[in-house]
Every structure is written in structure tokens, then in C-alpha cells.
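See structure below.
Going by the order they are written in, the chains are A, B, C, D, E and F; count residues from 1 in each one.
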């Protein structure tokens, strides 16, 4: 085994947690708590693959990666809790509220008005929570 | 009726066709041809609503709007012809091939590896067509 | 600009609001309220495109359009609030409770028994609210 | 066992085949041929449940049932062969081409423009086949 | 009509109720109650087709059939109430909690991490209810 | 870094390729070829995460994992190429043709008859290819 393999192995989890902390400082603990009783290994996979492998790649900024994830989850429409996490994450990595609203309105043409409306309602809740936190 | 209403009405179609021409110079004619026999009004709605109303809004660049649409269509997985149009459109408005590949790989975590693989295969076809055209 | 363009432009929003009032007298205000803080323009698009452009077309009755929308939303299964609005709308434009139940039961064969069950549960809630209102 | 139970049992398959013949005279043989090698019992279930149980119910006309099925399949977007069968069936039970086009255009607002476009393309193919057959 | 047809007809409902009782002793009454006001015939179809026709077939064990249903419902992600019923049913027909967790974690690769997380959260709720019941 | 971490890192790819070879001896090369021009890293992720991390876990047999994947992909209905790969894989790890047919027929109740029909058609093609190969 080469040092490089060694290094990349060890860093996967570390880098995933770093990327996750950048997009949402509470997400690591929330995921660990949610999965603790049921599937603790799954928390590790979540840190390692989407965040350590994909979000850590250099080809796209974290801001752009949140655009991608918000659009995908709003289109699918079956993962509101995760959509809300990524709307909050989008705010943390540089998307404005107006940009997030634009992304969600654009869904009307590609996944239908109900998908857009439900995404906008999720954003309304996240924006209200963020405003309350910052009071 | 105010001049503004007048103006905004008339410009909806015009602006939609302008935005569409920016993302894909052949799309207007392709849509008109495809819908000619079956639903010519639908071509107009397509120019007016997603492009004249949404893509024309100032809050998000055309490049970002293509990130949104590519992510949504790859996640849904049931609209490969439109995904290919928007992969080509993404190239036309400033996305690099590598950025498009990153968007599609990111789908593995949010819509599954098959959705990502099928998106990457669609990109491979579009990239090959674009390369052939530019020879 | 011709008078016709003028007219059709101005009427899009007006006609959308008329169609919406026919299917649900409270929907306009509900949508405006829901979108007020987050995306007020989106309420306008909703009135203009699905209702002013599509529902207003002469080729299909409002009753048939509600059959279409109830079937589509029950099949997709990811838009229960909108499904409930359109079940209520169906009652307002001439669908009987029995016809709505038939539409939803038919989903068992095309989108699966869970989609049908969830649609029927949504209908049960709407029918109970309507009965309570009319007491 | 009562005569009624007896009767309803025997008639399920018979009535399903009658309803299917009304919407598409070739469908029975096509389904039998398609499933012959792989799952012949599945052809029987298809005749019995969606057609013998559901389509045979009195609460909705065959014309309305085809409106429901076309809308659901166009919204789901993952069953083009079956959508084409039901577009043809719609024509056979009294839907006009224009009404089918209206149903499919309405999908733009509930499942997105790509779902509507793909449904309209399916209709274009079916209409062309029907026109060719009638020459 | 032969005795066999007679027999198979009469047994469809009986056998469906037997299979359903094996996977969940409360399901029959729950379904009857849920559908009583809105669509009592639909309860009968549910007992007859998925359970009397399909679950009763000899080619796959009830344990394997629950693997199939849990995977399908977790992938679709739009039928959480039914997913919870079938997670409980899986426990009743021999799946261990660990096996159910494995099925749901595997969804991360095929339907995305959010689908897997939502499935695992549903399982956490069911496991807690089952533990509380057995106290 | 501990030896264990080292070991687990190095084995992820190795174990993923071993599991993949067990379910389909041609898949590794097919994936490498398909992704070579467009996204070679994605082939690695595919070997590492779904196969090295998930399929390699001890809690579920490879045979059961293929039941899970076939059910999920047939339910989603938007990944026919991958469904065909996993139908072939199911045969390789101990599922009989009849068991695969049962899994796909069961989809009629959970994702609709069209999803089941399209899955059965995919199976028919795979079974024919396998029979031809073994002549």
C-alpha cells in the first residue's frame, strides 16, 4: 500500500466532515444522533461518500453543489427534511435567499407547480428559523 | 392598461425566444417542428413560461439556471431528450464539460447511481455530437 | 402591437383568476398569502400559466381538467396539499364524491395500491371538511 | 357459496376481457403474446384486476377512465409503451385527438414541460399510426 | 363452471386475508376501518389482488416478498405509512431488524441517501413501537 | 493511522470488485469502458460505495441484495439498463428465473402494472440473452 492510498483513505472521512461542517455546522451531530440507534454505520457512509468523495471534489464550488442538491431534491419531491437541510446549507455557503427562491420557482417548468410550491414552502420555514436564530 | 403591462405582455414571447437562443440556437426551430402537427400552441407556452417568465428573471445567471435544470432532469430520470438539450445548453452558456460531469456524478448521492450513470451516458453522447460538429 | 395581443395579454391573469375562482373560491387568496413573504411573483405565474393559459382553453371542460389533475397528482404521490385542493375543486366543478373515489381507486393499477390508498385518505379528509363546512 | 359469488368470480376475467376489447381490440392478444414466455399468469391478472375489477365499475365511463390513465401515465413518465396503448384506447372510447392533446399539455403545470413534451410526442406517434391504418 | 374455478374464486379473498394475517394481524381491520367511509370495495381489492393473488403465490416466501415490498416502497419514497406497515410485517415473517436496516441502507446507492435516511427513520419508529408493545 | 484503517481503506475497492465479479463477471470492464471517456473516477466510486461498502456487508446475502436492487429499480422504472444488469446478476447469485418473475409481478401492486410489465419485458430480454450465451 502506498502512502497516497493510505492518505486518501484516512482523509475521506475527515474531508467529508470538513465539507459537511462548512455547509452546516450542526449536521454531523444531527446525523449521528438520528442514526445512533438504528444504523450508526450509515452516518459514516453519509459523511464519506456524498461529502468526502463528491462534495470534496475540486470541479464545482460548494455553492454550486448546493444549487445542484436543492434542485434535485425539490424535483424529486420526496425528501422534504433533506431539502430543508440543504436550503439552510445553501445560505451558509453563499446562496442568497433570492437565489434559492429562483431555483425553486424554476422547478415549476421541470417538475410542475406543486413541486415548486412545496419547495418554496420548505424555504419559507427554513428562512423563518434562520431569522429567529439570528434574533 | 398601462404601457408597462402592454410592454411586458409583448415581451414575454420575445424575451423567451431570446433566452432560448442564448442557451441553444436551434431549439426554437426544433420545438416548433416537433409540435407543429400535434400542439403548436404548446411551443408558444414553452417559449413564454419557462423561458420568457423564468429564465429571463434577473436573480440567477443562465449558467446557474442550466445547473438547476440539468440537476432536476437527471434526478427525475424520465426526460432524457430534454436532459440532452440542457447539457448542450449548459456548454453554450459557460459550463465546462468537467462541471457538467460533476453535476451528474453528484446525483449518485441524491437520486442513486443509476440516475447518475444514465445522466453521464447522456452527457457522453452530447459531448461527442458537439465535438463532431466542431470538426 | 395589435389590440388582440394587448387584450390577450391583459386577460391572461384575469382569466386565470376567473378559472381559479370557479374551481375554488378561496384559492386565490390562499396562494397569495402563502407566497406573500417568499415569492409573490410565483402566485402570479400560478394564476397565469396553469389557469390563465391551460385551464382557460376551450378543448376540455373544467370538470375534465380536474379529473386530469387529480389523477396526475395522485399518481405522482408527492403533492398531497395540492391533491387535496384539487379534490375540493373537483367537487366544485361537478365531480361527485363517487367519481373522485373511482379516479383514486383506478390509481391502484397504474401507480400502485399505496398511491391509491394515500389518495383515498386525502379525499376522506377533504370530504369531511366539506361536510363540516356545510353544516 | 352463493350463485352471486360464483357469478362474479367467473365474470371477472370475462368482464375484464370485454372492457379491454372495448378500449383496444388487439390488446388481449398483444398482452398474451408479450407475457407468454415469461409470465402467462400476469396477463390474467392484468385482465382481471385493472379491467375486470376497476374499468368494469359503473361509477365512471370508459372515456373518463382513459382520461385518468393517460394523465397518470404521462405524469409518471416511465411507461411510454403503456401510455401509447392508452392514447389509442382513448381514441377508441370517444376522446378526440384535441382532447388528448389538452390532457397532455395540462401535464406541463403538474409534472413539468418535459413530461408534457414526451406525452405529446407519444401522441404524435399514435395519431400517425392510426391515420396510416385507416388509409 | 368447474369446481376449480369456483374454488379459486372463493379462495381469493380468503387466501388474501390469511396471507395478510400472517404478515400483520391488525392490518385487515385497519384497512377496513380506513376505507369504511370512503371506499369499502377498495379494502376488498387490496385483500384480493396484492395478497390473494400475488402474496399467495408459491414462488417466493413471505419473508422474501416483504424484502421486495420494503425495497420498492423505500425507493419510491412516497408511501411512508405503507412502508411502516411492511417494515412491521417484515419483522413478523422472519426478517431481523438488522436485515431490514441492511435493505434500507442499500437504497442509498439505488434511490439516493435521502430515500435511505427516510426509510431508516421509518424503521426507527416501527422498531420503537414494537419494543413498546412487547414491554 | 491504525492497521485496521489502512486495511479497510485498501480493501474497499478490492472488496467492491470482488462482490461485483460475483454478481456479474463482465460488469467491472463494462463500467470502466462506459465511464472511461466521461468520468473514470465515477467507475471507482461505483465499485467502492455500492459494492465495496454496501454489498460487502455481512448482514444480507448477495442473493437477497439482488432481490432488493431488482425490486427498487423496477419500482423506480427509470433505469432499465441497470435493471437488466441486476436481473442477470440475480441469476448469477442464485435467484431462479421464476423468483425474478415473482419479484417483478409483485411490483404491480406497489408501483403499478406498467412498472411490472416493463420489468417483465426487461427480464424476458435478459433471459433470452443468457439462453443464447449458453447454447
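Operating definition for what follows: contacts are C-beta pairs under 8 Å (C-beta built on N, C-alpha and C of every residue); 3 or more make two chains touch, one makes a residue touch a chain.
These numbers come from a predicted model, not from an experiment.
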**Prompt:** Hey, which pair has more contacts between C-betas, B-D or A-D?
**Reply:** B-D
**Fill in**
Outermost chain relative to subunit B, judged by CA means, is E
**Asked** By how many degrees does subunit A turn when fitted onto subunit E using C-alpha atoms, rounded in steps of 5?
**Response** 120
**Request:** Could you put a whole-Å number on the gap between the CA centroids of subunit A and subunit F?
**Result:** 27
**Fill in**
When centres are defined as mean Cα positions, the distance from subunit E to subunit F in whole Å is 24
**Message:** Nearest whole angstrom, what separates the Cα centre of subunit A from the Cα centre of subunit C?
**Reply:** 32
**Request:** At least two other chains touched by the same residue of subunit C: list those residues.
**Result:** 41, 45, 49-50, 54, 73, 76-78, 101, 105, 108-115
**Request:** Using the touch definition up top, name the residues of subunit F that touch subunit A in the complex.
**Result:** 1, 5-6, 8-10, 12, 41, 45, 48-49, 53-54, 57
**Request:** Using the touch rule from the top, collect the residues of subunit E that touch subunit F in their complex.
**Result:** 49-50, 54-55, 57, 59-60, 64-65, 67-69, 71-76, 98-99, 101-103, 105-111
**Item:** List of subunit E residues in touch with subunit A within their complex
**Value:** 76-78, 101, 104-105, 108, 112-118, 120-121, 123-124, 127
**Prompt:** Which of the residues in subunit D come into contact with subunit A in the complex?
**Reply:** 108-115
**Residues of subunit D touching subunit F in the complex** = 34-35, 37-39, 41-42, 45-46, 49-50, 73, 76, 78-79, 81-82
